[in-house]
Amino acid sequence: MGFRLIPKDESFFDLFEQQAKILLDASGVLVEATERFETLAANAKRLERLEHDGDQLTHELMAKLNRTFITPFDREDIHQLVSSLDDVLDLMEAVTERFILFKIQQIMPTAKEIAKVIQQQVQEIHRVMPRLRHMKHADVMPYCIEINRLENVGDRLLRDAFAALFDGSPDPIAVIKWRELYELLEMATDKCEDVANTIEGIVLKNA
Amino acid sequence: MGFRLIPKDESFFDLFEQQAKILLDASGVLVEATERFETLAANAKRLERLEHDGDQLTHELMAKLNRTFITPFDREDIHQLVSSLDDVLDLMEAVTERFILFKIQQIMPTAKEIAKVIQQQVQEIHRVMPRLRHMKHADVMPYCIEINRLENVGDRLLRDAFAALFDGSPDPIAVIKWRELYELLEMATDKCEDVANTIEGIVLKNA
Amino acid sequence: MGFRLIPKDESFFDLFEQQAKILLDASGVLVEATERFETLAANAKRLERLEHDGDQLTHELMAKLNRTFITPFDREDIHQLVSSLDDVLDLMEAVTERFILFKIQQIMPTAKEIAKVIQQQVQEIHRVMPRLRHMKHADVMPYCIEINRLENVGDRLLRDAFAALFDGSPDPIAVIKWRELYELLEMATDKCEDVANTIEGIVLKNA
């Protein structure tokens, strides 16, 4: 990109990578909470702390964005990226919180599978993030494509789980609870896709 | 607007019009699916294909937006217009998909009426779209006003349907299903209004 | 900020303050509607009228934004501020409307408390708004912090109310209604926080 009169602030990238690391840890906690029911209470607390750490980082990033004159890429794209990363984290935390609030006694098998899909998406987010520094399209695309593919996998799982929820003579209260839980899980996979789309857009504009 | 050194890319308008045409077809399919219950399965499949075509077009528009230096109007307004058109299409498709997932046996009369309201809104969107090229306020306003009026008609229909849902001794499972279906239909009429408001905003800025 | 060639349009601030005043009135009406059940019908009508006044003002602000070349602060921040103020108003109105649509016979004590939290948040919004003219960080921060603190108070109230909803052998129809009502109340406290965050962001950028 040649000579720059005013150096761009590279520390934005550091903060994005820190945020991706928090998401990665959180996704591991979510998977463990769904797979080993006896860990749910402890893991819900861990996720609450991770979400708090993420909030701090988000706040730091937003404050930095407001103070910084020259940003490494478009202001609104930074805002978009920060927000969607934060949303993924919030949604993972909301899921374990709801498991507890709803006094869920057993995690549906599909919920476990979708938690693993979210973890895989977050792993790709964590891998692609350092590559954002170089703004090379070919370099980030495989990760973005994989995140999108995983979102489709999650979609199909959720569609089936959702249909199954209404089969037989369902318990209305259970339907209300699981419909909300599936909705949160679906939103998490969607938000991971938003992260991928934002990254793709940033790289296309800045390549 | 006089002489231009760099010609604006007119092909954005072509793509918007193609997108409006897909929406028009989709709204016809939605109305038929609600009015002739025996066509539901086939029409849900048709809507799925139209939604897929729309997704391709949206992706093409977004990629073009990221590559193009001089756009016919503000970048964020193009983004906004593309997104809200895409949302209308997604919501129409979500409605027929839910009819099938929920194994709905009979379409409520109000749902049929609202589907027709959405179709009328989409017809106005399809009519106003070619007029966007000329950026004349008086030229697009009647369509935008009509789309807003139709949104109010839909709102009143939905409010009544929603209240009726809770009357008597309702079946909780049916309430859950129809509340979600009405919500999707309402979101579709809202998103048509967003399209109209975006178009009005664009023309006001560029007139 | 020294000498300006083109004076900034101060009337935006007048309109923001008018909007905050409408919100203040609306929050009083909401609290009265929840505390004195016999006033619900009359207060729902009053809120509908206030929401209508707010819509007019929002429309005026948006039109002005599209016509004005030099705005007192970033165009997208004005848009953001106007939208979130409008959302708070819409949500307060939606709550009383739903009380009526759902034929609610008794307002849950927590709903009354949250209505008061929203009123307190709106009081802070109303107090901070005139301070936006001077763009001094220290001047607006205490109000923004208080609005955020109140959002946390509301969050805890809602979490408990939400958990209580599923306790014992709940009536599914009541669960559906109150879950939606709590959701709307929560969204209102969230949107007040959005207003505070937007104001903080504006001041940080323009201080």
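By letter and in written order, the chains are A, B and C; residue numbering begins at 1 in each of them.
Basically, a residue touches a chain if its C-beta (ideal position, glycine included) is under 8 Å from a C-beta of that chain, and two chains touch if they have at least 3 such contacts.
Since the model is a prediction, treat every value here as computed from it, not as a measurement.
Rotation angle for the C-alpha superposition of chain B on chain C: 120 degrees, rounded in steps of 5.
Taking shared numbers over all numbers used, the chain A to chain B interface scores under half, which places it in the different class.
Averaging C-alpha coordinates per chain places the centre of chain A 28 Å away from that of chain B. Counting partner chains per residue, chain A shows two or more touched chains at residues 76, 172, 176. Those residues of chain A that touch chain C in the shared complex are 62-63, 66-67, 76, 97, 101-103, 172-173, 176-177. On chain A, the positions that touch chain B within their shared complex are 76, 159, 162-163, 166, 170, 172, 175-176, 179, 201, 204-205.
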